[in-house]
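Got some structures for you, see below.
Heads up, the next two complexes both have chain A, just with different partners, chain B and then chain C.
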Partner chain A sequence: MAQVEKFHYDNAIVRNFAYATMIWGLVGMLVGLIIALQLIFPQLNLGIAEVSYGRLRPLHTNAVIFAFVGNGIFTGVYYSLQRLLKARMFSKVLSNFHFWGWQAIIVSAAVTLPLGLTSSHEYAELEWPIDIAIALVWIAFGINMFGTLIKRRENHLYVAIWFYIATWVTVTVLHVGNNLELPVSAFKSYPVFAGVQDALIQWWYGHNAVAFFLTTPYLGLMYYFLPKAANRPVYSYKLSIIHFWALIFIYIWAGPHHLLYTSLPDWAQSLGTVFSVMLIAPSWGGMLNGLLTLRGAWDRVRQDPVLKFMVVAVTAYGMSTFEGPMLSVKSVNAISHFTDWTIGHVHIGALGWNGFLTFGMLYWLIPRLFNTKLHSEKLANTHFWIGTMGILFYAIPLYWAGWTQSLMWKEFTPDGFLKYGNFLETVTQILPMYAMRVVGGTLYLVGNIIMVYNLVKTVRSGSFISDEAAEAPALVSTHGVHKGEYWHRWVERRPVQMLLLATIAILIGGIIEIFPMVMIESNVPRIESVKPYTPLELAGRDMYIREGCLGCHSQMVRPFRSETERYGEYSKSGEYIYDRPFLWGSKRTGPDLQRVGGKYPDSWHFNHMLEPQSISPGSIMPPYPWMIRDELSLDILPKKIKALRTLGTPYPEGYEQIAIADAQKQAEQIAARLKKDGIELEGLEKKEIVAMIAYLQRLGTDIKPKAQATN
Partner chain B sequence: MKLNYKTYLLPFALLAASGIQALAQDAAATTAAAPAAESNFYNTFLSNGILLFTAFVIVGAFIVMFRLLNVLIKMQQIQIYKEQGFEAFQEAQARPMENFWNNMYKRWTKVVPVEKEEDILFDHNYDGIKELDNSLPPWWVAMFYITIAFAGIYLFYFHVSGLGKSSKEQYEVEVKKAEVAIASFQAKQADKVDEENLVPLEKETDIAAGKTLFTTNCVACHGALGEGGVGPNMTDKFWIHGGEIKNIYQTIKNGVPEKGMIAWSNQLRPADMHRLASYILTLQGTNPPNGKAAEGTEYVPEAAAPPQDTTATPVEPTNSTGSGQ
Partner chain C sequence: MFKYILENAGNINWMAIAALITFFTIFILSAAVVLRKDKAFIRKMSMMPLEDSFSQPTETENRHEA
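For the complex of A and B:
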């Protein structure tokens, strides 16, 4: 028997992350509430660029995913990792670097996103300097984790740690893969891949952000905190093994289910569908192991708020991992995609699974860190019920809204016309559901505030144990023959091999899907008439990105009669080859814009941007007065043209020198047309709006004849 | 023991319903029926409704059979009571039901009861967390295999066998079906339009409807009184694409895309285009202010033109019984 060693767990880092989780949770949910209100009362956009919906939406998603859940992950990992390995964290410096670095990244996100500095890739909006910072901090976290793994005093790695390792390596790969971009300026870059390829890579990332940031680390946390809180053995070790490997291997393939019926080739769509369906069992393996671990402890679930939160969390996980595969079946997706059904679905996951597991963990953890009892069980129970009501009031109206709107989009009269030819009708119809959702969100936030109050009181009543004493025998040789043991024990003694195997498992799917898309030309058939954007259109396009237009408008007409009737010819992959980044969008709060070019006169767009409700009474689109007020900056155009040529857009050599003149010429033409329609404004041709109009009028016109006079 | 089967019928029905629905939707996606589903959603719901109903009938039939089986068992037990006395009867009564459900449960979960947990407890101990050696739940394993089989069949069907239609092919079928359905619907309508033998409508209501359509759709380019703007003047005798009702109808229907006039057949019913064309003819000779200069060639009607020289708004309801509606 090895000598017993004495050491201390670092609780300070855990406490810091726990505080950050609480604070950013409030912030993220508050921003969510604001944008939910903006959808019912567009006046709340205030006509101010920095607080308009399109810019705040990514702030909400980033704050909730990376700030709230992210800090939640680190809280749980730093606490459980030390105890599962019987070792103090490898480096205090790295821990602190990780903590402060992560908070700095969040703050920089909170500053840059409202400023409109965004790459527009959903959940990867942050621009390249912040991407680099994320990579550095993430690597520091990895070194810290593996350093601790190496100096561990426990022979075998527990299942929670397998999930942490898989999380770490996959997030690294995803983050790098989806942020391959060429910088143009300090806060502007263009992605290496364009159009349909960019779309595939983004959703390979986007889906696996859900998988490896919102799911696998939280499964790890569940595997630690749930048996601890319930004081029960984990139901099945074998199930842990099978569902872990199956989950990480299969998850990575499922990304294309975000692109069903788009111009992504059918073979890739089918892979997305079938791997999503195959995900049900591996996901449910986690749910089963969680719920069945509670066998024999169900009597305590009725009393203990920690267990209550965890049970709802695991159940929500089970529900959304069943719903997800169903939504990946093409005929269901035809209904759900672009609607609020998806929003409802993700919030079951976010509010139920991530939120409630975090709350359960904090209620369990904080009293232990401060060597005290929870201030009030009653308040925790109140939080539980308000939160549960909040989830229901949030999700059910959105499901309803999604179904209603989708059916309205698709309904025809027997004469063959769309029954609701005006998109706006389908929006005003669901506004009451949007209002209900605000009620749900408010309830959830109120519950969260109660928790923070409760935990602050708890902290005040206790005394913090910064360094918790522990002891364990030193690690004896981990290798050698172990007769009669379960085969998987071998890799559980070898963190590096575990890392390698996990890396292989998560690389296969991505490689098989992405390589053919970027290597084989026939996957993106060329269309002769598709030409690069003019400099002014490019400026307008980057403005479209800046304002987050894709938060509400898709640019992807799916091959359904209901869409071709409403919008025009369905989209072809060849149309997007110069789209860096792709802007297909994932939600239609407003109509699709892929074929909006030439549909309305320039003056229509001008007035619509200035005051949408003057053109479409009842519209919930925010106004964009600053586009009409602010001068367009063209100075960066030559750099943009050069960067895009480097990436493969066929601008002729030396074009950057005449790009500005070209843009000015086009701007003058548009300004002249606006003037003809009675829009009098000093220096109109120098305003941002002109570029935006140029871009919108170009959209989708490459493959259709100019349909309407531009007046 | 009295079994209340409403309680156990519900989950069964839900399961059956969701299963059938998913199947139906899948079938819809893979066969030519899909476009019909797209073209009219309530049709899909109707057909799914029939499937659902069928599912209920099947489930109902199972319940009846199960009930019958129970009756048979009861009769058997009564037989035992008669022949072997009360104690044997009690024993027999306790046996069959419990065994059936227990066996079912055991076979599909393979769970080791909490009391016997010690036997399957590993010597793992991670910060106090222990692990049990329960088997993979067989129902879970079965589900995993089924989804894997589904994946194989799906990929084979769509990408190997050549049977499954691509998204684009599905779309083409959908559009064709809709065209047929629309044509057959329109053929049955009272106000159907015979494009070959069009005559101007004269009923007041038709002209008024035509005027409304004109105000909604045409004034932006042709002026509030038809005096012309971006588009040509509608009140003079000169026409670019012909001044007969038939010509005007075709111009509205197909548009003049190269000059910026869209094809209105995508937005207006044939009968409405007919009304609109009829209204436009009433504008002849109204001579509104700011009339755009004449374009095209002069059109001289073969028959006598309708007597409308005075005002822009149509008057003279000539109650002809044969026209429209």
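For the complex of A and C:
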């Protein structure tokens, strides 16, 4: 028998992450509520760049994903890892570096995103210096985790730890893969891949951010905290092993389901669909494993708010993992894509699965960290019901809105014309649903405020156990013991081998998708008439990125009659070869812009950007007065041209030297046309608006037949 | 257009088939291995979250923050 060793668990780091989870949860949800209100009251954009919808939307998604859920993950991991391994965290310095580094990254995101500093890759918007900081902090977390694994006192690794290991390795691979970019300045970069390739990489990342940041670590937390709260072991440990391997193997393939009916090659779309449909098996295996853990304890679910939150969380996981495969079926996706159905779907996951599991964990954890009882179970139950109502009021109206709008987009009159030819009609129709969504979001936020109050009172009534005493036998060497035993039992004792196996499992899918993607670079049909952007168009494009226009406008006409009738010729992959980054978007709150070039006169765009409602009464688009007020900065253009040439855009050698003059010439031409239409403004050719007009007027025109001169 | 890409991207059908075969092989193998595991070991593993400490420390052994 090995000697029993005494040691202490580090609870301080757990408490810090728990506090951060509570604070950032409030911030992220508040920003979500603000942007939901902006969609029904566009005047709430206030005409101020930093608080306009396009810039705040990525702040909301980043705050909820990386600040609220991210800190939630670390809270649970730092608590459960120490206890499952019967060891204190490897390094206090690394724990603190991780905590403060992560909070600094969140603060830098909260500053840079409203300033419009964004790479425009959804959920990876932060620019390159912050990307590097994320990598450093993530590596510190990894060293700390593996250091703890090495000095553990428990031979075997519980399944929750496998999920943590898979999360760490996959997020590392995804973060590096999706942020391969060439810096142009301190806060501007261009991605290495363009167009279709960039789209595939982005959604390989985007989907797996959902998989390996919002799901696998939370499954680890489920497998630890649910048995804890229910005080009974997981229903089937065997099922959890199959759940783990099947899930991490399949998840990584599913990214292309975000790009169905786009210009992505068909084989990649099919691969995404097949694996997405297969995902339901391990996902539901995991969900049932969670729910069945409560067998014989359902009477306690009625009493215990912690279990209530966890049951709804696991049920929401089941709902969204049923819906995900369904939305990946092409015929369903044809209806759902670009609509609010997707927004409803992700919020079942975010509010139900991540939110409620976090709340359940915090209600269980905080009293134990502070050696006391929860201040008020009644308030926790109130939170539960308000939160549940919030989820329903949020999601159901958006499902309704998604279906309604999609069917309106696709409806034709008996004469063969679009019944709702004006896109705006399909938006005003669903505004009542948007209002109900605000009610749902408000309820959810109120519930969260109640929780924070309840937990603060709990903290005040207790006494914090910073170092919790524990004892366990020292780890006995097991060299040679594995002879004749099953391979998996052998693996369960070896974190490094587990890391390697998990890496192989996730790389198979990634490589098979990405390898042909690099291959098809030479196979995307080149279109002779597609040329690189002019310097002024490039400046305008970067403004389009800065303002987050892709949050509401797609640039991808799908090959449906309802879309080609509304927008024009469907999109070809060859049209995007100079698009760094790609700007296909994922939601149409406004119409697609791929063929907007040449559709309206320059003056239409000028007036529309200044006051959208003056051109389209009832529009919910924010105004952009600063584009008319602010001077256009062209100084950086030569650097941008050089960077893009390095990446493969065929700008001639030395073009950067005349780029500014070229841009000024084009700006003067646009200003002259605006003047002709009666828009008088001193120094108009030097304003930002001319660059935006240049870009919008270019969109989709490369393959449009030029109007023939008539005699 | 897709036909054109497929024709020019080389023979890539094997990738999808290989992926499917790999998945099912791993899935069936892990299921077979898991189902053969001995019950005592599985029970021990599943109890792990419920046995955080070798023995429960007393209240005074915990270091409280002032």
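Convention: the second predicted complex is superposed on the first by the 694 of 711 C-alpha atoms of A that agree within 3 Å, B and C clash if a C-alpha of one lies under 4 Å from a C-alpha of the other, contacts with A are read in each partner's own complex, and residues count from 1 in each chain.
Assume a contact is a pair of C-beta atoms (placed from the backbone, for glycine too) under 8 Å apart; a residue touches a chain by one contact, two chains touch by 3 or more.
Being a predicted model, the structure only gives us computed values, none of them experimental.
**Student:** Between chain B and chain C, whom does A:277 touch in the aligned arrangement: first, second, both, or neither?
**Tutor:** Only chain B is touched by A:277; chain C is not.
**Student:** Using the superposition on chain A described above, determine whether A:84 touches chain B (first), chain C (second), both, or neither.
**Tutor:** In the superposed model, A:84 contacts both chain B and chain C.
**Student:** One more residue to check, A:303. First (chain B), second (chain C), both or neither?
**Tutor:** After superposing on A, A:303 lies clear of both chain B and chain C.
**Student:** Going by the contact rule set out at the top, does A:421 touch chain B (first), chain C (second), both, or neither?
**Tutor:** first
**Student:** If we overlay the two complexes on their shared chain A, which of chain B and chain C does A:234 touch? Say first, second, both or neither.
**Tutor:** Touch partners of A:234: chain B and chain C.
**Student:** A:565 contacts which: chain B (first), chain C (second), both, neither?
**Tutor:** A:565: touches chain B, not chain C.
**Student:** In the superposed arrangement, which partner chain does A:156 touch: chain B (first), chain C (second), both, or neither?
**Tutor:** The answer is both, since A:156 touches chain B and chain C.
**Student:** With the two structures laid over each other on chain A, which partner does A:463 touch: chain B (first), chain C (second), both, or neither?
**Tutor:** Second partner only.
**Student:** When the two structures are overlaid on chain A, which partner does A:285 contact: first (chain B), second (chain C), both, or neither?
**Tutor:** Once the two structures are laid over each other on A, A:285 reaches chain B alone.
**Student:** For chain A, give the residues common to its interface with chain B and its interface with chain C.
**Tutor:** Overlap of chain B and chain C footprints on chain A: residues 80, 83-84, 86, 154, 156, 158, 224, 227-228, 233-234, 237-238, 242, 246, 266-267, 270-271, 274-275, 278.
**Student:** Please give the residue numbers of chain B that touch chain A in the complex, ascending.
**Tutor:** Residues of chain B touching chain A: 22, 25-26, 28-29, 34-35, 37-41, 111, 114, 117, 121-122, 124, 126-137, 140-141, 143-144, 147-148, 150-151, 154-155, 158-159, 166-168, 170-171, 174-175, 178-179, 181-182, 185-186, 221, 230, 257-262, 266-267, 269.
**Student:** Touching chain A in the complex: which residues of chain C?
**Tutor:** Result: residues 1-2, 4-6, 8-10, 12-13, 15-16, 18-20, 22-23, 26-27, 30-31, 33-37, 41-50, 52-55, 57-59, 61-65 of chain C touch chain A.
**Student:** Taking the complex as given, what residues does chain A use to touch chain C?
**Tutor:** So the residues of chain A in touch with chain C come to 4, 8, 12, 80, 83-84, 86, 154, 156, 158-160, 223-225, 227-228, 231-234, 237-238, 241-242, 245-246, 249-250, 253, 265-267, 270-271, 274-275, 278, 371, 463-473, 486-489, 492, 505, 508-509, 512, 515-516, 519-520, 523-525, 572-573.
**Student:** Which residues of chain A touch chain B once you look at their complex with the stated criterion?
**Tutor:** Residue list for chain A touching chain B: 80, 83-84, 86, 154, 156, 158, 224, 227-228, 233-240, 242, 246, 261, 266-267, 269-271, 273-275, 277-278, 280-282, 284-285, 288, 292, 295-296, 325-326, 329-332, 334, 407, 410-412, 414-417, 421, 558-562, 564-565, 570, 705-711.
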